[in-house]
Structure formats: C-alpha cells, structure tokens
Amino acid sequence: MSICVRNTPRADKAVVEGFAGIGVATVHEAQGRTGLLASYMRPIYRPAHIVGSAVTCEVAPGDNWMIHVAVEQCQPGDILVVTPTSPCEDGYFGDLLAASLMSRGVRGLIMEAGVRDASTLTEMGFPVWSKAIFAQGTVKETIANVNVPVVCAGQLVNPGDIIVADDDGVVVVRRKDAAQVLEKSRAREEKEAKTRARLSAGELGLDIYGFRDRLAAKGLKYVDYEGD
Amino acid sequence: MSICVRNTPRADKAVVEGFAGIGVATVHEAQGRTGLLASYMRPIYRPAHIVGSAVTCEVAPGDNWMIHVAVEQCQPGDILVVTPTSPCEDGYFGDLLAASLMSRGVRGLIMEAGVRDASTLTEMGFPVWSKAIFAQGTVKETIANVNVPVVCAGQLVNPGDIIVADDDGVVVVRRKDAAQVLEKSRAREEKEAKTRARLSAGELGLDIYGFRDRLAAKGLKYVDYEGD
Amino acid sequence: MSICVRNTPRADKAVVEGFAGIGVATVHEAQGRTGLLASYMRPIYRPAHIVGSAVTCEVAPGDNWMIHVAVEQCQPGDILVVTPTSPCEDGYFGDLLAASLMSRGVRGLIMEAGVRDASTLTEMGFPVWSKAIFAQGTVKETIANVNVPVVCAGQLVNPGDIIVADDDGVVVVRRKDAAQVLEKSRAREEKEAKTRARLSAGELGLDIYGFRDRLAAKGLKYVDYEGD
Amino acid sequence: MSICVRNTPRADKAVVEGFAGIGVATVHEAQGRTGLLASYMRPIYRPAHIVGSAVTCEVAPGDNWMIHVAVEQCQPGDILVVTPTSPCEDGYFGDLLAASLMSRGVRGLIMEAGVRDASTLTEMGFPVWSKAIFAQGTVKETIANVNVPVVCAGQLVNPGDIIVADDDGVVVVRRKDAAQVLEKSRAREEKEAKTRARLSAGELGLDIYGFRDRLAAKGLKYVDYEGD
Amino acid sequence: MSICVRNTPRADKAVVEGFAGIGVATVHEAQGRTGLLASYMRPIYRPAHIVGSAVTCEVAPGDNWMIHVAVEQCQPGDILVVTPTSPCEDGYFGDLLAASLMSRGVRGLIMEAGVRDASTLTEMGFPVWSKAIFAQGTVKETIANVNVPVVCAGQLVNPGDIIVADDDGVVVVRRKDAAQVLEKSRAREEKEAKTRARLSAGELGLDIYGFRDRLAAKGLKYVDYEGD
Amino acid sequence: MSICVRNTPRADKAVVEGFAGIGVATVHEAQGRTGLLASYMRPIYRPAHIVGSAVTCEVAPGDNWMIHVAVEQCQPGDILVVTPTSPCEDGYFGDLLAASLMSRGVRGLIMEAGVRDASTLTEMGFPVWSKAIFAQGTVKETIANVNVPVVCAGQLVNPGDIIVADDDGVVVVRRKDAAQVLEKSRAREEKEAKTRARLSAGELGLDIYGFRDRLAAKGLKYVDYEGD
C-alpha cells in the first residue's frame, strides 16, 4: 500500500519569506552545519535562488507517475522534493510538469534524478536542482508515497520543512527550527558583511580572527625560502 | 587493416531538415524510447540544438589521427560522430579541426571523449557534445575506421543515420525510419502543446490523463496529515 | 611540525605577463604535453582566463585554516593553489576569502576541493577552478604547510611556478622553464593562426600535414559504400 | 554543542537473533523494499553476514575522534554505524579500534567512509562494510554526536534500529517494526525455498507466477527468427 | 509493442567449445581488439571463465520482468546477456533465477546492472559478470524485447553471438566470425606460450620484439643518472 | 625527445628489507601522513604486501611500449611504477611482462591504469596494484620517459624511492628519509602492539589516550536517552 498525505503543515509564511536572499552556505552554517543535500544536486541554470515549503514525493526508478499525484498537493510557495527509491538518472520531469507546477505557484523542483527539456525550463524560468539532465523518458506503472518523510540526496526531508536552494546547493531546515535558524542566519549575514568590508580593506583574517597565537601553539613555524 | 568508407548515403534532405527545432526528448519518445546516447554526453555551451547526418569515426585512445581522415568525408549538413576504441578524456578536437569542419558545412561534433579550445569553439558557434573538456593533447600514430557502424556512448550509430542533439542530450534515428519518426515527433509536439496549455491553465495531469482510477486500483490511499 | 615559507621567488614579471591570452592547450603543447592538472578541475564560470605565480597551500580534509595563513604570503599577480591532504569536496573557500585575496591583487584560485558562494564569486569576477561547488563548511583545527612543493590534481606545483588557467583546464609551468615555454607558445600560436586560415579556406589537414602517405603505409584503405 | 546519548534502547534480543542467517535482500523485500543503504557500502571480505542493534556515530571529515566516544556506548550484540558530516574516504578505523569493539562483543562496523588495516581486520574476523579501503589517517580535533538519528549511505538510522548486513549490502529495520519484519522475512524464505525447488526442477517462472497472460495483455508478441 | 524472438541461431557447437580455456584478452586481440564490453563489467567471484551463445534481453530500469521471458528461450550452453534501457544498479537477478537458468544448462549471466544473493550465487557456482552487487529489488510492470540486437556495456550483442568472459572482462564474437577468431586465438596462444618461456628465461622484450632500433628512431636516448 | 635514465640509485638494502611486514598505514603515519597514493590503487588479489625500490615509467594513453624499456632497467628487489600521461584504464600489463619482471627479481607492479591476465597473475603470485582490471590491449607507437620523477596516483615518485604496498594501498618513502621513517615505523608498531593488548583486554581508548577532558572542553555532553 502507498499513501498520499493531504493537508500537511507549512511553516509560518513570514518565516519562509524571511529566508529570501539568504544563501545556502549561510543557512547551513546557522543551523550548525546540518541539513545540506549531497554535492551532486546542481541547478540546471545559474544563478538561481529559491525558498519554500517542501512537498515530498517518492518515485520508483524510471517511473514518474507519483509526481502527478504530488502536483495536486502543492500550494503557492511550495517546493517539490522528489527522490527515487533506487538511484536513477532518467528524465523524470520536463516542461509539461513545470507548466503544471507553475500554474499552482510552486517555486521550484529538487529532483534526486534527471530532468529533461532543460532549455525550455530555463526559458520558462522554472528553477530545478537535479542530479542529471537527460532526455530518457519514464513510465507510469508503479506507485509510491507522497508527503511522507523521505531521504533526498542524503538528508531527511519532511513535508513542510523549509527548503533553501542556490548555486551552492540545497539545504533543508526543520519547520519547528525555522524561526530560530532565520534569526541566526540574519545575524551571521550582518557579521559577515562587516568582516568582508574589513577584508576588502586589506586587513588579514589572521588578525581579525586572532589566529596567530593558536597557529603558533599548534606548531606552525615561519621560515624564509632557501631554494634556488 | 583499417578502412575509410566513401560515398555513404545520407537521409532525405527534407526529412533531416524537418527535425530542426524538435527536441531530443520528443524524438526519443517518438521512436519508442530508443536511440538515446548516454547521459555523460553534454553540450560545451547552452543552448545548442542541431540536426544532421552522421559521419562516423573511430579513434585510438589519445590519438586523433582518424578525425583528419573523417573530415574529408564530410558534406554540408553532416554531423561528425567520434568514438574512441577504449575510454579516454583527452582533448581530441580543438579550434583548428572546427575551422576545417565549418568550412565544409558540418553542423557539429558528437565526441565520446574530451575536446579543447572550449572558449574558442563557443565564440565560433560550433556546437559540440562531449564527455569532457580537457586541454590534454593527442598523437597521430594509430589508424582505425571511418564510416563503419560504431557504438558511441552506448548506442549503435551507422553512417547516414540522423543525429539530433540539444541540451537534453543526443539521439540517433535510423535513416530508413527517419520519415516515420519525424511524423510521430510532429504529432507528439502538437499534442504536447495542447496539453501544456491545459496544464498552464490549472488542469491537473491526474484528470487530463485519467490517472485517478488506475492509481486507486494499484492501492494508493489518500490520508490526512496527523502529525504535530 | 608545519611550516609556512616566506619570500618565495616569483618568475620574471615580463615573462608571466607574456602568457596573458595564451590558451592552456597551447602552453601544454609548448612544453611537451606536461604540467596539465586533472580534468576534474573546472572553472566556476566561463569564460575565464588567468596567468600568475603560484602560492601553494596544503589543507587538511574539511579544514580551511591554512588558507588564512597563505593569504598573507600572497602578492599582486599571484594565484593561490590549494590542495587537501586527502580527497575532499567541502566548500573551503567563499566570498570573504575572495575579498581578502582581491584586496591583495591575487588573480584567482586553483582549489582541488569545493568552493562556495559561487554566485557571489561570479559577481565579484574572482576566477576559481575547483573540483566541486558545495556549501559544506570547514573547520579551523589542523595545520599544514604553505609554500612547499605540493601535488595538486596530479601535478607537482612549486611556489613561484607559473599557472595558466582557462576554460580547458589548468597548466603549471616551471619557473626556470618559463621564458622558453613562452617563446615556444608564441611560435605555436603564430603557426596555428596560419594553419587555421588555410583550414577555414577549405584546405584539408590530410594535405596540409602530409598525412596521406603515412596513412596508406599504416594500412588505411579507402572503399566505396556497398550497403543498402 | 555535541551530545553523546547513553542508555539508548535495543530491540528485543530474540527478535534480533531471529534475523541471523536471513539475507539482506529478503529483509529488504519483507519490509516493502525500504531501508537499504546505498550500493557503495561493500564488505571488506566475503562472505560476511551479521545482525545486531545500531549504535550511531557522526564524525567530522578526516576526524575519527567520536568513534572512541561511541565505543564506550557499545554492548554485546551491537553494530557500530558511522557516518561523516561530509563525504570522505579516509581510513577512519583500523585494527586497534576493532580490538576494542571485539572486546565489547560488537559484531561489526558500518562505515560510510574508508577503513584501514584491511588484511588484519580480515584475519581477526571482524566484519566491516565501508565505502573504501584506504590507509589515509585521520585526526582527533572535532566533536560530533553519538546515538542521535543519522543518515548513513542514504538511509535514516536511529540508535537501537536493527542492522542486517551481508554480501548484497546493508539494510536497516526500525526497532518497533522488527518483530513484524522478521515474521514476513521468514514467510518469504519458506515461500522462496519452495519456488526454488520448482525452478531447479525445470518449471518456468512464466508458469509458476502466471505471467503469460499479463505479458500478452501488455503487448508482448512471440515471433520466429528470420535472419541469416 | 515488444517482441520475443524464438529459435534464434547458435554458433557451431564445436567452435563454441573450442573457446573453452582461452582468455578474454586473447580473443579480444585475435579479433583485432574489438568486441570488449566496458571495464565496469566485473565477475562476482574469481576466478571465473565461461564461453557460450548469447541470448539477449532488454529490461526496463528497476524491472526484471523480461528476464523471466528470456529464461524460456535459453538452451544448454547459452549465456544470458541482459541490458537495461537506462542505467540502473538494482539487483535484477538472484538465486531463484539462477536456479531456473541452471536447470536449463545455462552457463552464466552478463548483466549490465546489479545482481543480488551474491553469496548464494557463489555457493551455487553460477558465474555472473555485473556492474554492481546490490540487494535493491525490482518490479514486473514493463515489457521490452528478447533476442533482438542489444548494446550491452558499449558493445553490440546479437542473439547467437559467442560470449567469452573471465576475470579480465567480457568479449563478444560475431557468430559468423567465430571459427576464424578461434583459429587466430589458438595461434596467438601458442605464440605467447613460446614468448613467455623466453621471457621467463631472462630474454628481454626489447630484443625478442626488435624494439631497440624503432625506439632509437623515435628519439629515445639513454643517459646515466646524475643526481645525488 | 624522451630519455631512459640508467644506473639510478637504490636505497640501502638493509633499510628496504626492514620495511618487510610493516603495513602501509604504519609507514604513512610514521612519515607524517605523506606519500600515500590515491585510494583507487587497489591490489588485484588479497592479501598482498611488498616493499622495494621504485623504477619509474611514463606511458602514453593506450600505449605500453615504454614498459618494455623499463623492464631492462629493473634489478632484483625493484618495484615497477607506471603512470600514463593522461588517464587510461586499458590493460597495459599481462602475464608476459610479469614473466619478464619475475625473471629479473622484480617484486611487483604499481600501475595507474588497467592490467589484464588477472587470474594468471594471481596464479603466478605476481602482486599488482592498479586502477582497473581490463582486457583492452595497447599499442607500441609513442615513447616517453623512464626513471624520471613521475606523479603516480597523486604522489611524486622518484627512481630509487621506496615503495610499500599492501591491502590498504601504496605509500612512497623518499630514499634519503628511509632510515628515519623505518625507525619511526618500528617504534609505532611496538607502541600499537601494546595499545592493542590493552584495548583487547577491555580498556577504553577514552581512558588510554586521555580523551575525556579534551572532549568535555570542546563541549561534548552526555545525556540519557529520552525517547520511546
């Protein structure tokens, strides 16, 4: 038996929108370096940057049937997160499904497999992070689950978790932790802006962060070049 | 002994040109999901989209000598398809060979290995699908065959077969099947345009394709979220 | 014990600047097809093309501490070359370190690991060749060496060696060989410009390079197509 | 902050031992094809087959410090499950740690990274499933969590979940589902033994499983060879 | 529509058996270095060495239904060659299918995907060359073709072609070429036995093969070590 | 021009033999975690363990000619280290070359490419570490250098350096450092033997190494399980 769970919760709208413009690296740091999907999840065009609530979808290898089921569960502001039950590079998703998701206000797709119609998706401005771009088609024979917790590219994603994706990858934030992670992300951004200004002005990280003593204590020695 | 076959046939010109603008995914579907080269064959710049008749060329690993032989066999409208006899990522092809092919009216290169001078090829507007971009040079010591059937990135390609390549990959169409595949491709495009309009207007694939009954029969259950 | 070597030599400035605009493939050829880093070293944006003197930096896996030490050793015209002591895809380098390097006149980064803040680095126009783009952060716990000879992506790089990097990859030129390699590179460029003009005019490589006799001697036979 | 959770629950001992001798493929099937770790998790020697309760351990890349913390939490019948916070192939584990685990009655190691001293581990008869065998050493600088839920090779593993590992890979069974999965696994084994006897006697799967009608309905046609 | 072709031809039995004990490398050389499947096709246990006639079978990704169809077409002395229509590592084949094939006298399996029950297959002595060992199960929903020409691991295989497989990989010999390839293989074996005896006695390949002059002509210089 | 350097130095015989039986991981640790070749260098059979002096050999991709040149430079106690000038998986080396090397007292081969005749090499007891096992043959057309410094699998190897290889991989020791590394390796072995005895007796690494305070200082907290 497979299930499709309806009426899953979303995070507070103000919190979700608060992540707009905050980078994946910052969010990942702000929540203690957790929640980052594997490095093979890459945007099909760059730059791209989205935030939204996860609708999760399992699919069989080479079978995109359940994506059609998941589409109906999507609301404006959602991001669809799809993961196959065994590794697959087939092109599960193309311009027709993108048109359907865009009509529902969905902000993007996180697909741990392949997608196709890459040039059309780019023209449409529908952002996708995937493992591959590949024209190989899929069938519609096998069912699986929608809106259950899934492991996508090495991370657990629950329906309603917040997804942030940009050129550096994809990070998932637990719904209940979102407000706190947002606050820490903003604090980090402010601090980094100040540090960046000092570094651009020529100050060294060695001095700003006070590394010189710790490095000496670990045993770092400076010597002059003696070759030639 | 190695051979270079001359005067190989091309597909009907009208049929070849008919594929212009039709996507690889569509052609792959129209011929029953066959003929797609492996997903590691990627365009060196995007977007890119070509159609043409295959001239086939085997090369030894790290040896691009036979490409020079193949160039002479190319005519306007051809696409050169090159495959090494054992896997190799060397840069077999650069701006000089591209200049030579462009002077003969060749439309692009399908290279199951590496190419180099990628930025110059991009400026020249010569489209290439390859396994790698890599400056590593090759030698000219070992001969092989030109215009014999080859296996390129997992697919059999005969001289005179039609090649369609775009951002989603590369597909080969048998010469004798080309007219029929073209007809089916066009029919599919028309049908998809209509479906896309309905999906963009908010209709669901579940309804358009009549999936609801089949999904229920397979055992899909809808349940309401009970967490939190 | 780890060391940071100061006052390492740089190549003659005129020689270094002489490489500006010469492609990696040309330099690689000019020095006898040596010095090319592995094909997985890719630019984070294209086109990109830099030349400069190497400052070398070892890092522990998942630990970018020593990059901060290396920054201080950099001068205008340098390129920072970073290699981990065991394979790693973490994001060692982002916009803060780039701001620091840019303030010192550094021309780019060669990173045999991952980098992050890719879209910001692109906006800043700071060129990077890396193995991955990945938001995963690193720690600052373990020391290693700066400005010692390192193996980066399969090639030995000494501090003060010349680095040339473009869309085709990255090549290292020994400091003492640089003047000679530059001369050979220029000669090669001139020769290729002439050959390219002839090829563009329709002459065949088979004739320009005199391949026909050698091919026949190796056993290449021309036959006419007999199928269909 | 990092935590080490003590006194985590184990599954019922009789249930755990019940899985002894049941293959990973059977368990994976019995729980609806869920819980299978990625295919790159391979035994360092074959044949090998273990069952036990998971103790989970996160480690930093290139840093095996937390394994020492996890050892103390292990009891007879446990299996240690270790996962790095970013991908790593270093040799985190060798004969010393194996000696320590064996002295505590631990049955094996599931390591989503590298191990070393492979020949000694083989002589000692300590079974390990890992992503690599590699001599590269690790440091002891960074802390992480022990006995929290982890994602290992694509699957969520909680402390106290049951691990079954053999030559086909590694599967995780939720503690609360274990009795039911064991029952289904045994039923499946009995059924397969009967089917295997019939197949060995020459009966065809086409007949035993009643496939002929379904295949015909899908459109399978039998034709006689017409080549040559 | 899919087809299953019956009564495909086999090569002459005496010729097939003649290949027994001849290595894959020898056969590959004897037929001009053609016909070798990709290097990722590895035996599940070693040593292993089989020869036989190919029965070919296409399968959908994650779907092993057509293997059951192919089994019925197998005769004593056959080797089953299975290839998925898009890349897949699932465990398509286990001890039940092996029992069925052994009851029909089939000599082994060439599977461009995963297999499972690896330890049982090893005990049964049923040789398999595959891309992966993985417990992941498959479904039975999608049909494909049996005994049509297929591309398996980069090589075209026709039903009735001869397959030779050993620890070095898998090679396919065209049915019509088989007698000639066998003769050349035997000649090569005899010649190599003599050469090996000379080499074991201390003669150098440089002298046996007459390489010294050719190497000098290419520009090889001998110099004495001048370091230290 | 290519060169073959004769009369390269070897390390002191007593020192070389002193490494017999010492594991790669131990040597790698004893020299400060340097010198380890990449993890894809794997033994073709296990267990295997050799020590000896390096004879280095460059080869062109798909071309094993220079191995024949290198053979003549080998003496009893040597290990041949071969690296291609661009990545290649072809089978450069088989039973004939092994017979030749064994007749000269060579102890094994380190091959950053493929080898063939794997089962015969195993029967002969000639140990090989390689990147692949693959029947694909090579040509003899292009020359390169013998006994020059090479980068093999990411490490610089000079002729006369000491190679130690076992199931965990391959490590290179500089000739001039060898005596000191040997001494440290032995010290490490003795220390580890004592530690292993204590761990086998049930003492914890946490106590033996005094980790408890450092872990607490880093912020590790112990908590009791509160689930269920």
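Per-chain residue numbering starts at 1, and chain names A, B, C, D, E and F are given in the order in which the chains are listed.
The rule we apply is simple: contacts are C-beta pairs under 8 Å (C-beta built on N, C-alpha and C of every residue); 3 or more make two chains touch, one makes a residue touch a chain.
Being a predicted model, the structure only gives us computed values, none of them experimental.
Undergrad: Pick out the pair in B-E, E-F or A-E whose interface repeats that of C-D, meaning over half of the contact pairs match by residue number.
TA: Repeat of the C-D interface: A-E.
Undergrad: For the identical-sequence pair chain E and chain F, what's the CA-based rotation angle in degrees, nearest 5?
TA: Rotation angle between the two copies comes out at 120 degrees.
Undergrad: Are the two sides of the chain D and chain F contact the same residues or different ones, given that same means over half of the numbers occur on both copies?
TA: Different: fewer than half of the residue numbers at the chain D-chain F interface appear in both copies.
Undergrad: So how far apart, in whole Å, are chain D and chain E when each is placed at the average of its C-alpha atoms?
TA: Chain centroid spacing, chain D to chain E, equals 30 Å.
Undergrad: Please report how many Å separate the Cα centroid of chain C from that of chain E, as a whole number.
TA: Each chain's C-alpha centroid was found; their separation is 40 Å.
Undergrad: Could you work out how far the Cα centre of chain A sits from that of chain D, in whole Å?
TA: Those two chain centres are 28 Å apart.
Undergrad: Which residues of chain E are in contact with two or more other chains?
TA: Those would be 33, 36, 39, 85-87, 89, 136, 142.
Undergrad: Classify the inter-chain contact topology: is it line, ring, star, complete, or other?
TA: The chain contacts form none of line, ring, star or complete graph.
Undergrad: Following the definition at the start, I'd like every touching pair of chains, please.
TA: Every pair of chains meeting the touch criterion: A-B, A-C, A-D, A-E, B-C, B-E, B-F, C-D, C-F, D-E, D-F, E-F.
Undergrad: For the complex, which residues does chain F have touching chain E?
TA: For chain F paired with chain E, touching residues are 1-9, 65, 68-69, 71-72, 89, 91, 94-97, 99-100, 102-104, 114, 116-120, 122, 132-137, 140, 142-143, 147, 159.
Undergrad: Going by the contact rule at the top, pick out the chain A residues touching chain C in the complex.
TA: By the definition above, chain A touches chain C via 23-25, 28-29, 33, 36, 39, 42, 46-47, 49, 166-169, 171, 192, 195-196, 199-202, 204-206, 209, 211, 215, 218-225, 227-228.
Undergrad: Chain F touches which residues of chain B in the complex?
TA: For chain B paired with chain F, touching residues are 60-63, 86-90, 136, 139, 141-142.
Undergrad: Can you check the complex and tell me which residues of chain E touch chain B?
TA: For chain E paired with chain B, touching residues are 33-34, 36, 38-39, 85-87, 149, 151, 154-156.
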